[in-house]
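Structures for review follow.
Two complexes are shown next, each including chain A; its partner changes from chain B in the first to chain C in the second.
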Partner chain A sequence: MVIRIAQEEWRTLLRNRAGVIATMLLVALVLVAAFVSLERRTRIEADRAGYQASVDADFDKQPARHPHRMVHYGQFVFRPLAPLAFFDTGVDSYTGNTIFLEGHRQNSANFAEARQSSLLLRFGQLTPAFVLQTLAPLLLIFLAFTSVARERERGTLRLLRAQGVDGPRLVAGKLMGHGAIALAIGLPAFLVLIGFAAMGMADWAPIALLILGYAVWLLIWAMLAVVISCFASRSRDALAALVALWMVGVILLPRALPEVAAVETILPTRIETEVALHRDLARIGDSHDPEDPYFNAFKQRTLARYGVSRVEDLPVQYAGLVGMEGERLSTDLYARATNEVSAREASQNARVHGFAVLSPLIAIRQLSMALTASDVTAHQDFLDQAEAFRYRFVQTLNRMQAVLIPHIGGEDPRVSAENWKRVPRFAYQPYDPLRSNAASIGGNLMVLLGWLVGLSVLATLAARRIGGIVR
Partner chain B sequence: MSRWFAELRLIRRSYLSLWSLALLFALSALAVVSGLQHVARQHATIERVAKAQAQDFAAVAATHGKPDGDAGDAAYYSFLLTRDAPPPLAFAAIGQRDIQPYVLRVRALGLQQQLYDAEAINAELALPGVFDWAFVLVYLAPLIVIALAHDLVTGEREGGRLRLLLSMPGHGLWWRRIGLRYALVMMALGLPLVAGTVLSTAPLAGTGAMLLAAALYLGFWFGVALLVGSAVQASATAAAGLIGCWILLTLVLPTLANAAITRAIPAAKGVDLTLAQREAVHRGWDIAKGDTFERFFLNHPEWRGREAFEGRFHWKWYYAIHQVGDETVATDVAAYRTSLLAREQWSARAGYLLPGVAAQSVLHRIADTDQAAQLHYQDSVATFHTTLRRFFYPYLFADRPFTRADFERIPAYVPRAPTGSLPLAPLLALLATAALLLAIGGYRIARVSGAGRA
Partner chain C sequence: MPHSSAIAPAIEIRGLHHRYGAREVLRGIDLQVAPGQIYALLGGNGAGKSTTLNALLGFLAPASGTVRVCGIDPAAAPAEARARLAYVPESVALYDHLSARENIDYFLALAGAERGRSSVIDPALEAVGLPGHAWDKRVGGFSKGMRQKVAIALALARHVPVLLLDEPTSGLDPKATLEFNALLATARARDVAILMVTHDLLSAVDIADRIGFLAEGRIEEERTAGPTGERFDLNALHARYANPGVAA
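Moving on to the complex of A and B:
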């Protein structure tokens, strides 16, 4: 019986020419988006890999120099784009993708795409995620808003009752019909993902979770449409209510909430962070001041370690050691400042995430960005890796200065170019969202499933109501 | 007149219409409040940064401002603050101001290694876009227009009143209906904007221009509603068709256009010029000092003959290296700017076909918050940087000491003058599409007959 109702619903929808055309357009759009976005990712990734290779080669080609000069020649690192970022570009366009790493400074990641684009970018970016998150719910609304209200308007509810269909069966049949359609609409995108994994370009686990998440997301909208259609007395009211829900949940809340979060938690500017940092650094000590207590203590420790009584007797260059100590201190301070800023960012974001209970879009968006490694956590991971590398890179050069320079001497001591090849290169460790971001992924999946459960309860209530009307 | 009142009574009786108008008013008011708050936050940030910067500068002056102070040290450690305060109408159309830096510190070193530094932004908060009046106009107001106007004809037909209405004497029925709804929508949308303008003491002329753009944009949507509404039989079909148009025009086509523009006009020159500038600056240490000075004198001939110094290092040589580094990449810088401007131009051209895009570019040009505004800010930073360099050169090349008092003479950044303007091309495009759609819609609706299913 339930299946027959679902089949009847499919037959009706097939006769609705506009619905069929809209569905085909959406499927086409998913495929176009996947294709365009895949091409884009490949191009960006090739660009960044090309730049990384070229700056690494440039580093090797530098002539003999004082190591400290190489500390400021620095290294550029480019953030590789995660393979699945084609499906959801996430925040990639809003975060800089290249950082200049040098001594005693933490530079910003620059050249974010959004800063280089016109305002057109703010309409959204064409990715499968955009189509599934923003447009698919509207299509599901259009296909399902008449599902039950239509029967009521035409008086066919009574007729169905006479055929032995009660409320729960009717609602179950409609839900089944539209649920299947929701999954069918998601299918092309799912197939693209499966194909991607089958070709070995991404792991199966995030792909499976991504498909699960989007399947639940689409089911939520199909269910919501059917449930509202049960409660509405006219199809038109159901449509108005559903479009309003979509507008608030998908378009409005995600845009309005960030301002609330930004007002509650102030994010300090880089300038303030820099100023505070230099003040703190100056408080620790001044290595140029012969009377400075901190660096005098450092000198005593160093002399004791090498078992000599004068700086001139050290087997290494003292200035190089002071450079290493300074780098250690400033890096610690930078780390503290960075943690402070990311904690504030996290609290801003948590404020928005809290509203996922009201707008499941926030949950699917977070889930999708997390699984495709295009969220802020993945970007932060890149920044952390870059900073850890920066420290190793700078200290390697400082050590070269301390160890090699005393043996060279002269007016203009330079270390031979051969040494630059021994300086470490940035090797990005691919970010695994399932290991690093499991809590957020699990939480957002639970929110989506919670929505499904909540809607099931509402559907049961609706079914009872319809049973009452039918009787 | 009584006919207008009768029409108003009809709207008052329709829950959907009343709720839609109330919702639009509430959204517009919220957006204005949110925009004002955003702008206030940016002002507060600038103030905070200016305070921190003043402390930093004072500390540098105290450390390096000695009777025999070296101008090289002073120039190296003195950061100067530049800032781009929100223009008066930014609250209505925040545009790119949420992601572009509006405070930047520069010093007399190479400009190109400082100019593109990013400020701390929370990318996740920026991702969905800002909630401001421009957003309410471009995205949400068309939906309200659809709610109000989709069933003008079909609603009467479904109510069985269409024949009667059409047989009544006099004409202008549809224009009266449309005109009244149009006026109500404009009021609901515009009043909060006017209030916001008065509150923030922004020029009313700019607001007037924004309202003009809004009126044209909404005129387009009323035209579409008339066209679709007169072509179909049922209200639900009209609503579905109109929302389909809305999805296409505000969600799908702009993203496609953006993908095409980004693909066609790459902006990689930014990275290229940064890399080239670094090579040029560091090569300066390895080549003969004379070569660097020769290149430097091309644009600074007044210092020729003052380049000689004893020893391995002199600050004037150091700053010459940096300036030569900037000059070496001048063509790359120009190419980078050209690519950004080309993206901007093609976006404006997309507006000839997409009214939403046209409205967006008109509003943000009026508000002076688009990419052009950011480039203008960068230009003003570059001008200031030149002033700053040229301030230090006499000290460096004439070996004048840099004392505490000289710190007071370091030039300060002068904020750029606002460049908000009324762009005519997209406005004319809006006018043309609105007039066209209203004409076709009006023509079609005038030919609606009572025939068909009643």
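Moving on to the complex of A and C:
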């Protein structure tokens, strides 16, 4: 009986011209979004790879120079896009993907204003994720809002009950019917993902979890529409309630609640951070001041280590050693500031995660961005790798200065251009969300499943209510 | 006239009381309908006709009294009781996007007829006189009379012993009413016990074997057609119907 009721829902959809057209449009939109987004990702990836190769070649072509000039010539690094970024661009548009690495300072997006917009969860580009997260729920509402309310309105509910159909079976049939429709709507996107994995362009595990997450998300809306339709006395009441829930749950809360988190945990502005860093750097000491206590002690330790009494007797260039020590100190300061901002961001994100109980969109969005490696955590991983590389890069040049310059001498000592090829190049290690972000992924999946369980309880209550209807 | 007190009633109501909140709508109804009998329950608005049907359908549990459909208490075992009755609501509710055949097939499937449905649908549609060209048309364009025929065809196709009709001739023109009554006669000939609640005195006089006058929650008077086929005295019945609460 349950299956027969579900089959009837499918037949109703197939005979509803507006429903069929709307469904086909959404499916087409998913496919177009996948194609366009894949094309865009491929182009951006090619551009970034090209730019990276170009700046690397330019670095190699630099003439003989003093290594410290190369420290300030620096290197550009570009963040490669994750394979699944075509499905969900996440925070990529807001965080920027290019960092200029140089000595003494951390020129990253760490302290950029754009970083703070990662929590705003704005409308993004046309991606399959956007279509499934924002538009698919509207279609599911449109297809299911009449499912039970109209049976009551036109009197067929009474006739159904007279045939022996009880509330639980009726609701189960409606849920099965619209659940299957919801999965069918998601199917084109799922097939694109499966095809992507089958071609070896992404791992199966995140794709399987992505499909699971979106399947649950779509089921939540199908279930919500049927449950509201059970409780509403008229179809139009059900539609009004569902559209209101969509506007609040999909549009309003995901944007308003992160603002609450941003107000509760305030991130320092870029200027505040820079000022604080300069103050802390000045507090450590000035390497150019012969009376500076820190660098005076550093000089004494260095002389003792080499067993000499004068800087001029050192086998290495003292200025190079000072450069290395200064870089170590400033990097520590930057790391401390970064960690502090990261902790505040983590606090904001934890608060936003908590709001997923109110709006499952927050959960699916966080899950989707995490699994496609386009979330803040993935971006932070890139920043961490870039910063680690910057330190190695700068210290390599400082070491060249310390070791090679004493053997060159002269007014304008320069090291050979051949040395630039020995400087390390940035090699981004692909980010694995399942290893680095498992807690967030698991937590968001649990929230989505929790919504399904909660709606199941509501569906049970709705079924009982139908059992008590006599008119 | 195939009714007899010796045959166990298919529909049996004794001392039925029911109230909605403080308002007592049924105050001790007694009613029996034997197989092959048509009982017309006449009453004005708010007399308790629909509540009586709801009790038979198992949609409500009576405050007191007994209700039986083929010996089954619909409130205690609604599925078993509903398996033995067919119900035609006042406003025939069908799925407009389905054809007559598809509507009957769907409801039959829900009623538990999993196999061989097509073998009973066509004879039922033929029996109710729905033109063949309309069988596969969507019922959204059907007149009320045609919808009634589909609903009766569903009832016939189910081959159940009890038929409950709620204002079945409401909105039908005289010709359609006569056709509908002929259908009921066909069902009666198959030994179906039929309870119709109605405002339509003419139709009741034309087809019913017994007529009960329901007023203020109780059956005030019952009249039975003559044993040799004499029909009711329409004028007397009209006077009775127009003056509820006044003894004949």
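For the reader, a short list of remarks on this structure follows.
Everything below uses one rule, namely that the second predicted complex is superposed on the first by the 452 of 471 C-alpha atoms of A that agree within 3 Å, B and C clash if a C-alpha of one lies under 4 Å from a C-alpha of the other, contacts with A are read in each partner's own complex, and residues count from 1 in each chain.
Going forward, a residue touches a chain if its C-beta (ideal position, glycine included) is under 8 Å from a C-beta of that chain, and two chains touch if they have at least 3 such contacts.
Predicted model, so just to flag it, every value in this text is computed and none were measured.
Upon superposition of the two complexes on chain A, no clash is found between chain B and chain C, which fit side by side.
Ranked by how many residues of chain A each touches, chain B and chain C are led by B.
Between the C-alpha centres of chain B and chain C, as viewed from that of chain A, the superposed structures give an angle of 90°, to the nearest 10. Of the two partner chains placed by superposition, only chain B is touched by A:A256; chain C is not. When the shared chain is aligned, chain B comes close enough to touch A:A240, but chain C does not. When both complexes are overlaid on chain A, the residue A:V341 reaches chain B alone and has no touch with chain C.
In the superposition on chain A, contact of A:V165 is made with chain C only, not with chain B.
By the touch criterion stated above, A:A6 is placed in contact with neither chain B nor chain C. Of the two partner chains placed by superposition, A:I207 touches none, neither chain B nor chain C. By the document's definition of touching, of the two partners only chain C reaches A:R154; chain B does not. Measuring only between alpha carbons, the smallest separation of chain B from chain C in this overlay is 12 Å. Chain contact summary for the complex, chain A toward chain B: residues 18, 22, 29, 36, 40, 47, 51, 54-55, 58, 62-63, 65, 69, 72-74, 76, 90-91, 94-96, 98, 100, 107-126, 130, 134-135, 138, 142, 146, 235-236, 239-240, 243, 247, 251-252, 254-256, 258-259, 261-263, 267-276, 278-279, 282, 341, 345, 348-349, 352, 375-376, 379, 411-412. The touching residues of chain B, counted against chain A in their complex, run 16, 27, 30, 34, 37-38, 41, 45, 48-49, 52-53, 55-56, 59, 81, 95-96, 99-100, 103, 105, 113, 116-131, 135, 139-140, 143, 147, 235-237, 239-241, 243-244, 247, 250-252, 254-259, 261-263, 267-268, 270-271, 274-275, 278-279, 282, 285-286, 312, 339-340, 343-344, 346-348, 350, 356-357, 360-361, 364, 370-371, 374.
Note for the complex: chain A touches chain C at residues 1, 4-5, 8, 11-12, 15-16, 154-156, 158-166, 469-470. Considering their complex, residues 54, 57, 59-60, 78-79, 82-83, 85-87, 89, 91, 93-95, 97-98, 106-107, 109-112 of chain C touch chain A.
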